[in-house]
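In order of appearance the chains are A, B and C, and numbering begins at 1 in each one.
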Amino acid sequence: MEFTVQQIADLLQGKVEGDSSVKVSTLAKIEEAQAGALAFLSNPKYESYLYSTSASVVIVSDTLELKKATGATLIRVADPYSSFSTLLHYYQTALLASKVGVEEPCFMGQGSQIGENHYRGAFSYIGSNCKIGSNVRIFPQAYIGDNVTIGDNTTLFAGVKLYANTVVGSNCTIHSGVVIGSDGFGWAPQPDGTYKAVPQIGNVVLEDDISIGANTAIDCATMGSTIIRKGTKIDNLVQIAHNVEVGTDTVIASQTGISGSTKIGNNCVIAGQVGVVGHITIANKTTIGAQSGVSKSVKEEGLIIQGSPAFDYKQNLRAMTVFRKLPELQRELEMLKEKV
Amino acid sequence: MEFTVQQIADLLQGKVEGDSSVKVSTLAKIEEAQAGALAFLSNPKYESYLYSTSASVVIVSDTLELKKATGATLIRVADPYSSFSTLLHYYQTALLASKVGVEEPCFMGQGSQIGENHYRGAFSYIGSNCKIGSNVRIFPQAYIGDNVTIGDNTTLFAGVKLYANTVVGSNCTIHSGVVIGSDGFGWAPQPDGTYKAVPQIGNVVLEDDISIGANTAIDCATMGSTIIRKGTKIDNLVQIAHNVEVGTDTVIASQTGISGSTKIGNNCVIAGQVGVVGHITIANKTTIGAQSGVSKSVKEEGLIIQGSPAFDYKQNLRAMTVFRKLPELQRELEMLKEKV
Amino acid sequence: MEFTVQQIADLLQGKVEGDSSVKVSTLAKIEEAQAGALAFLSNPKYESYLYSTSASVVIVSDTLELKKATGATLIRVADPYSSFSTLLHYYQTALLASKVGVEEPCFMGQGSQIGENHYRGAFSYIGSNCKIGSNVRIFPQAYIGDNVTIGDNTTLFAGVKLYANTVVGSNCTIHSGVVIGSDGFGWAPQPDGTYKAVPQIGNVVLEDDISIGANTAIDCATMGSTIIRKGTKIDNLVQIAHNVEVGTDTVIASQTGISGSTKIGNNCVIAGQVGVVGHITIANKTTIGAQSGVSKSVKEEGLIIQGSPAFDYKQNLRAMTVFRKLPELQRELEMLKEKV
């Protein structure tokens, strides 16, 4: 996509200064920008870049007084950072919106319906009896099992796999390699040492405004639903086990695992590589530090915990400080014993 | 799939009580069940749900005496829990069995053969010279490289990737996103600081009755085979490195990693996010706690270990209890030093 | 692929001893080899296997004197280990090279070009305006988004996903399930507790000679590029966040996660299940032990660190040794207190 500097200035209600015939096709940081890119200058600390940048267009403040000549065309606005942020959103939305139509071959089973203005990439698969909303983007090689429901404006990137009966809300983004609805890990030990599968016939429900990162796996419930509530954001390579429920507006960073039947509250922040055991409850607004292992319910809201097993993060920090000095402590104790 | 209450009663050798024209299409917990669902009541503690449930059909005990009216049709049997469990297995098997036939386009290379009553989903790929048994389900976008062997009744869900020369037994279930047979991580450091690949020309062998969870990766052996023995169950996002051998009837929970050439025994239980170093042996019936790091062979059978590095779990628990109090311990030591 | 013993002897400049009509189709360890396999004997400790092996051909030293008869045909060379290693490389290269041509159906968008002698597997997808070099192997169900660039001799195994604008160098190997270019995990908290997406419009750049293991995820930069430099090798299920830069000839083992904007130096060795926080710098030649959590920059080159949080590995080892004895230490302290 290519835009003239005037098109962008109109969008931002800014004033063009310099060559108004210039065109841009991407956005970049002012210190890294190449020809064809648009950058911004907000922090005066970086003003020197304005005179050396290769950017074709730079968004600057209404009030900036140039100290030297610049090769870039300027767009003057009240708040350059905010204007640039607006453009970023506009750019990403436009990129996605440019994907429309149906590439062949792709597959849609009997009784399935999909709303208007959608994209179905080549080799994408939609099973039977699916209900899919409008403005949905289904990238190549994505798989949607039977009886799946998907809301409006949701994007499934290339190769996403949704097992049968999955429910996905509106405005969701699911990245490549994500698997939703695979069997929960339920095995009944038998007297002879073998395991018998506990049937996993439930599903996964993602509410609206959810984002799921690459290669994350969310298992279906044994019965009922594994549920991710509205607004929650999950990073790459995360494991969500069967019958887990994650509250609203919670963020879960990469490589974290939540074990079966655990309930995570609303507005929690869970850092990377955390493990949470099964069948516990984590209160709203809990923060869990990276690599923690949570083995007990957290009942009070707003706590910050850390460690494996996890407890109060300040207490953990203090204990870790002493941990490093343990050999020294041991020596001192030995010396004392000798003295006494 | 829809069943009449009479069909189900016949299957369970139970007696219908109430409207026998009712049909059900799913199974649910009595407290969550909607119209069209079948539930069960086993524990008397939950009897109140029987009178408020929206379930269309409830399986109850022969001996239950109703205290109020219920809107649900009842099926009376000797053991409601066991009958419901039978139905669950029946339901899951029937769902899978309903997938039969070949969806186009799909790909099968020269010299490959597949047994009767199979499912090959659209965009699935079978390479050359593969031998695939009967009742095998190959979901859409699954990939089977050249010279792969697969036993009877095995299911590959959407997007599974089996590299060339992989051997999969009978009655195996492999979930979406699983990669089997990728190159082991073998790199020979060179004098100039670069790395040269050690060729990885072995394969992976999965014996019978194995289940592999979503997005798990199992590398091929450098030479010979990486082996997972009969009856072992592996959860999501697990890493099994080259030349590993996992014994029979072992369970490995999510996000665990087993490094190269390590041998895991039979009937082991390995919790989530465990790491096991390479070239060691873990005895039969070893239990390894979550987030443990196992750095040495475990020679005695039946041990329970925990921690990173892992040792006896009771000893670890006691050490962790003192760990929390380390700042206090340090203060006490300081006070003692002053006194002495 | 099948070779006569004479073909192999010619390649290795060795001498055939025994039945020269024998053919082999695979390579194996002498203790595991079956008929049709070629093995080698280098270490005299294993000489007994030479007389019991089922291998059809064994590479031995020029100077070896047979103590018994062997059923295998011998190829005599100066250095059996080195010759076998040559064959391994030859075998793996030949296997890959045998994949040539285009399997239908596959997809290529407008304006894309690909060099000679390539393989495009069935159901592979190439978007618009891609530039792909020669001798590139694109296995089935791989996905290459718009505007992607790929150098010569690079292999994408089945189901690899490259988002739009990704740049991949020459001689790279990317294994199944890898996702490159998914959105970075950037969320701006809003006053009402919800999160707004920070647009992620950058890309990922892989330089030459890079290997990426199965199911690894590398996010695109917010702006600019996430960069993996020449010669670096990454194992399975690794997470590389947005705007990370990994130096040259660094190895990163399985299930490790590198958080956003962190810079890893050249010639580092990072073991499995390590976590590195965001916005820090790790000096060249740093070694990080398994399951470590790195929370601070490492400024000095050549350090070895361990633990969570990580510090000098010897110091960590000593502290861990005392950690195990903490209950004992506590008891001793109590006894001392009573005495004093």
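We take it that a residue touches a chain if its C-beta (ideal position, glycine included) is under 8 Å from a C-beta of that chain, and two chains touch if they have at least 3 such contacts.
Heads up on the chains, UniProt names are A, B, C = UDP-3-O-acylglucosamine N-acyltransferase.
The structure presented is a predicted model; accordingly, all values stated were derived computationally and were not measured.
J.: Which category does the touching pattern between chains fall into here: line, ring, star, complete, or other?
T.: It is complete, because no pair of chains fails to touch.
J.: Under the over-half criterion for shared residue numbers, do copies chain B and chain C use the same patch or different patches to meet?
T.: The interface is built from different residue numbers on each side, given that under half of them are used by both copies.
J.: Report, in degrees rounded to the nearest 5, the angle of the rotation taking chain A onto chain B when the C-alpha atoms are fitted.
T.: C-alpha superposition angle, chain A on chain B: 120 degrees.
J.: Measuring from the mean C-alpha position of chain B to the mean C-alpha position of chain C, what distance in angstrom results?
T.: Once rounded, the distance between the two centres reads 26 Å.
J.: Going through chain B residue by residue, note those that touch at least 2 other chains and give them in order.
T.: Touching at least two other chains: 105, 123, 141, 159, 177, 215, 237, 255, 273, 291, 308, 323, 325-326, 329, 333, 336, 340.
J.: Once bound in the complex, which stretches of chain A touch chain C?
T.: On the chain A side, the touching residues are 26-29, 32, 88-89, 91-92, 95, 103, 105, 121-123, 139-141, 157-159, 173, 175-177, 209, 211, 213-215, 231, 233, 235-237, 249, 251, 253-255, 266-267, 272-273, 290-291, 308, 320, 323-327, 329-330, 333, 336-337, 340.
J.: Any idea which chain A residues touch chain B in the complex?
T.: Its residues touching chain B are 105, 107, 123, 125, 141, 143, 145, 159, 161, 163-164, 177, 179, 182-183, 185, 187, 193-195, 197-201, 215, 217, 219, 223-224, 237, 239, 241, 255, 257, 259, 273, 275, 277, 293, 308-309, 311, 315, 318-319, 321-323, 325-326, 329, 332-333, 336, 339-340.
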